[in-house]
C-alpha cells in the first residue's frame, strides 16, 4: 500500500514541484492538496501543464490532515508550528518546507524572522533534514525541517573541508546566485519579465535570512561557532543556484588532500556528484533533478579553496529534498522516485 | 527481460533526448550507443548532466547493431537507408529519427532532399510513425519513419477537421515557431547565444523540407492532394513548437461541430490534450513531455478555424514519439516510460 | 529655442521610452512629466537606469499642460479625449499614444473599446499618425492618434501590395508575435518571469482590439472594406514584433512586380528597410530603433505573398513614432533625434 | 573638421560596438574599417542591424592606417604591438582594445599571455586608459591600452577604499559575472544557445588573464603589491558585468567613512554613479551605456565591505571606454558621443 501524501500550500512553487515529483513516485500517492488562494479550484487550472495528470481539487488543511500519512507544508514562515502540532497529535509525519523549525536557536529565529517558538518540546523533536550531512538524526523522526535553497547548496559545497578542519572557519564567503523561482509565484515589479530579463543584481546583501541557517550547519560540522559573509544574487533563469564558496586553506593542508576528503565524504551519496578537475559545476546540469554538483578549485596564489556547488533550487533546494526526507523516515530507498535525469538541454 | 535498445547518433540532440527518456523506461535498457564524432568518449563527457546516470562509452554502429533488439537512428538524412537494410537483415526493429523513410513519393524525396530510394521494397515495408493518426499501420512493423517536429505538431492540429471534411483543404496555412534545439547541436553563427537571444525571425519561408511531409499526412487524411503554405520561425527558447494553423470552415459547418469532432477524435489519446475554450496552447505546458496540447479558436468575422498546437519538439517531435513507436511495435502500453510530468515552471 | 515637451503617464513603459528618446533629441526638451501612481517621485526612482539623466519629479497633468508646447499622453484608453480638448483649447499639440482617436468609426470604437466619442469635432480634427502611409494628412495637425504596435507593423508589411491592388484583400492573415513590454509595466501572473520564460503562446486569438485599426488602414489604402484574420502571440523577449502577413497574389501579378512596388513605395522612407531576397526580417536588427524591416517571400506553390515586418514595439510601435509625428507637426526633419543605431547584439 | 576614425577588427563584437557608438559621435567620422575574415564585405552584411547606417566595406589594415587620425584595434592579443609601432611612425593615435599594452611587467605578460614585449620604448610611452583612475596620465598620450572588461568593473568598485587605505589589501575577492558577448563572436559549443540558455557556471576559476591587470591597478592605487582572488562566471545574458568585491574593513574605519570616500572620489565622474543605501547595482540599469553603477554594502557581522559594480562589458568595458579615451587625447569633452541613455527595459 502506498504512502498517502498530503500537500498544504500546493499552489505555490514548492508545492507544485512536490506534485510534479510525487506524481511519478512509485511508493506514494497524493491523496489531498490544499491552497488558501485557490480553494475549490483544480490544480490543473492553476498550472495547466498538469492537465489530466493532476486534476485534483484544492481543499482545506483539515482535509489534507485527515487523508494523509505524511503532510508536506509549503507555507510562509510562522504558519507551520501549529500545523506541526496537529500532525504530531494525529500521529502523522510532517515535513515543513518553511522556516519555522530550521533554526535551533530561538534567539536567531526571533532576530531573523521576528517570531517565537510556540512549543519547545516540538522544536526539540524536530530535525533538520539535510540527509547528506545529518542522515542518522533524521531516521525515526516525524517532524522534519526541510532546509532552504541557499542553505542546501552552500553547506554541501563546504561541508567536507569544514568538518575535517582543512580550511579556516574565519572569513568564509558564500557568493550565491539563484534562479527566479526562489522568489515564489507571486508577481512583483522585480520579477516582472521585462525588468528582470537581461538583468542581474545582488540583493539582501549580507542580510539574508538564510545566513544563520548556513552558519548553524557549518558550526555543527566544525564544532565551533562559524560566522560567514553571505551574498545572494538573482539570476535571469527559472531554476538553479550556484554557490561560489571561498575559504582559506589551513597551513600544511594541500589541495589534493581536500579533493580526497570531498571524494571520500560523498562517495556513497547518490545525489552529490564531485566533479573531476577541469570541470565547473553548472546549474544547466542539475536542472529538474535532485543532484548537487560540486567543483573544487584552488587559488594557489592566495591558497584559497573555491568550492562551487550547483543545485536546482526547487528540487534539491526544496521539493526533491523533502521527498528524500520522506523516503528516509518511511524506510524507503532514498532514491525512490528521485532518479530524474537532468535534461541535456 | 528488458528490450535491448541501441542508439546510433547518441550525441546529437535527438540521440541525447532518447537517452534521457530511455534511462527511466521500465521495460527497456540502453545496451549500446554510437557516435561518429565522439567515438570512445563517455556520453557523460559530452553531456555532463548525465554523469553517473549514463557513463556508457560511444562505440560504433556495428556494436550497436550487435547488442540491441531495436535500433534508434538519429542521423542526418541519407544515412539511414543502408542501416535500415542491415537491421532488417539482422531481424532488428529500426526506428529512424531522420528523414529517409518519411516521404512515400520518391519524386518528392528527390526534390526536397536530393537523394534517391535505394531499395523500394524496404520503403514499402516502412511505416510513418505518427501513432495518433496511423496507429493501426504501425503495429507489426519493424521499420518506422519517425515524423519530424513540425510534421507532428501541425498535422495533429489540423487532423480532425481535415479528416472529417469540415474545413477547406485549399489555402491552409501553418505558421510555426520552434525552439532552437530543432537546429541541432552544432554551433553556428545564427545560434550563437548573443545573436539569437532577444531575437525572432522566420526562416526557409515557404521552402522548408517539412512541407511535403505535412502535406502527405493531410492528403492521406482528406483523401485528396493537399497543398499548404508553411512558414517556420525560430524562437529564442530551448524547446517547443507552436503551430498556428488557419483553415477556412466549410459552409454549413459550425465551430461547435468542429470542437466536438476534435474531442471525439482525441478522446482516447493520452498524449493529446484538447484544451477548453478560453485557454491557449503554450509550449510552457508541454516542455520535456510527450504531450501535444491543442487549442481551438474561431474567427467569426472571416469564418476561419484557428487551431494551435504545442509540442516539445525534442519529445513528441522526436525522441518521445520514437519511444511511443517502440512501445507499439513491442506490444507495450504506449505510455510506458512516457508519463513525464511537464514542469509547471 | 527648443520645443517644450510634456509627458503624461511618464512612468508607464511607453512614457519611459519617450523619455529615453527625448533626452537626446536636439530640438526638444522635456519640461514636465506626470504620473498618477508615482506623483512626487523622481522618474529615476522608478527607473534607476535614468539616474542623473532624468531626476525630474512626476507632477500632475495640469503642470504638464502648463509647461509644454506639445503633450504626449501614454494613458489607458478612455482618458485621452478630455485631455485632448484641454490641449486644443490651450493651443498645444497633443500626441496620443492611447487608442481614443485611432478609430474613425464610433461604432467600431464602441464595439471594441466600449466607449463613446465625446466630441465629434475633435475627432474630425485628429489625424492617424502613421507617417509612411499618411504623412500629408499629418502636416499641420495638432491632434495626433499615434498608432498601436501591431497596427504599425502589419500595415507597413502589406501597404504597397494592398494599395497597388497586387494582392487579394480577401483572406489576408496577420500572424504577429510581440515582446512582453507590449503588455505594460504592471506585474501579472502571465508576465511573471518563471511563467513566461521559455514559454510561447497565442492570445486574444481573432479577438484583439488592434484588428479594426489594421483593417481601417488597409481599407483606406485599397479603397474598399478589408476584413482580416489577426492572431497575436507573446514572445519571451522584451521588445520587438514580427508580423508574418499572408495574402493571395492576384492573377497576372508576378512576385518581381510586387518587390519592385515595395522598393518604390519605400524608397524615400528612412525608417523602412526593404530587405533583399534571402534575408529575413528579425526583431534583433531593429531593437531600440525606429526602423521597420520588411522581408518579402513568395510561396510559389500556392502563389501567396508572405510579407514579414519587424519593428521595436516600443519605438516604431509607440514612442519613436510619436516623436516622428512631433517632428512632422513642428516642421523638423523627421529623423531628428531618431537616428538610433540598433545594437548588433 | 571631424576626427577621422579607423577601426581594425571591425567585425568582432568590440569593433561592431565601436561602430555603433561612433556613428552618432558628433566630432568623429568613421573613415575606414578592416576585417580579416570579411574583407570586401559590407559591415551591414555581417551585422544587418547596421543596414543603411553603415554599409561601408571592410578593407585592409593598410587602408585603415592611411585614412584615419586615430586607429582603434580590436584584435586578439599579440597582434597589436607591430600595429602600434606603425601608427606611432605615421603620427596617428592608437587605441588598443586588446591586451598587448595593458600589463607593465613583461614577466606577467609572458606568464599570462605567452608573448614578449617587442619594443620597450613603445611600451613605456603607452598608457593604461582607465580615465576615472588615471586621467592625468592619459592626456597627451597617443598609445592607449584600453582596459579589459573585468578589469574596469572590479577596480572601479574597489578603488576609493583601496586608495584611501580603508580596507585591507590582503584577502580581497572579486566574484564577477559576465554576459556572453565577452566571449566574442565566434560560435562555440559553450555559447551555443541551447547549452548556455538557463545555465550558469564559473570558469577559469582563479586562473583568468584579467587577474594580474586588476592587481596592477589596485597595486598602483594602494602603493603596495596587491594579490587578489578573482573568479569569473558566465551569465545567460548578452551584456553586462556584475563584480561583487569583498574586502575586510580596517580597524577604526567606519562604513560611513567609506561611503563618504566613494562619493567624494567619484563626485565629478559623469560615468560613475554611486548608488544610495538600499539600492543594488544591476546590469539592467547600465545596458548599452558607458555608466558604471556602484552599490556599497556593509557586512556588520564580519566587518566586510561589499562593493558591487555594474557595467556594460561592451561599452564601459570596451568600446565606450575606448571612445572616452579618444575624447581625452583629442581634447574633447569626455562625454562627447557617450551620453547614451540606458533603456529602462
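Order as written gives the chain letters A, B, C and D; numbering starts at 1 within each chain.
Rule of thumb we're sticking to: contacts are C-beta pairs under 8 Å (C-beta built on N, C-alpha and C of every residue); 3 or more make two chains touch, one makes a residue touch a chain.
Being a predicted model, the structure only gives us computed values, none of them experimental.
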item: Centroid-based (C-alpha) most distant chain relative to subunit B; value: D
item: Contact-richer chain pair [A-B vs B-C]; value: B-C
item: Intercentroid distance (Cα basis), subunit D paired with subunit B, Å; value: 46
item: Subunit A and subunit B: spacing of chain centres that average the CA atoms, whole Å; value: 37
item: Distance between the centres, which are taken as Cα means, of subunit C and subunit B, whole angstrom; value: 39
item: Multi-partner residues of subunit B (at least 2 other chains); value: 13, 181, 194, 196, 198, 236-239, 282, 284, 287, 345
item: Residues of subunit A touching subunit C in the complex; value: 13, 179-181, 185-189, 191-194, 196-198, 236-238
item: Contact footprint of subunit C on subunit B as seen in their complex; value: 171, 173, 175, 177, 194-196, 198-203, 205-206, 211, 227-229, 231, 233, 235-240, 242, 244, 246, 248, 280-284, 287, 295, 297-302, 304, 306, 308, 310, 345
item: Residue numbers on subunit B that touch subunit A, as the complex places them; value: 13, 16-17, 19-20, 23-24, 47-54, 181, 198, 238-239, 270, 273, 275, 279, 282, 284-289, 293, 314, 339-345
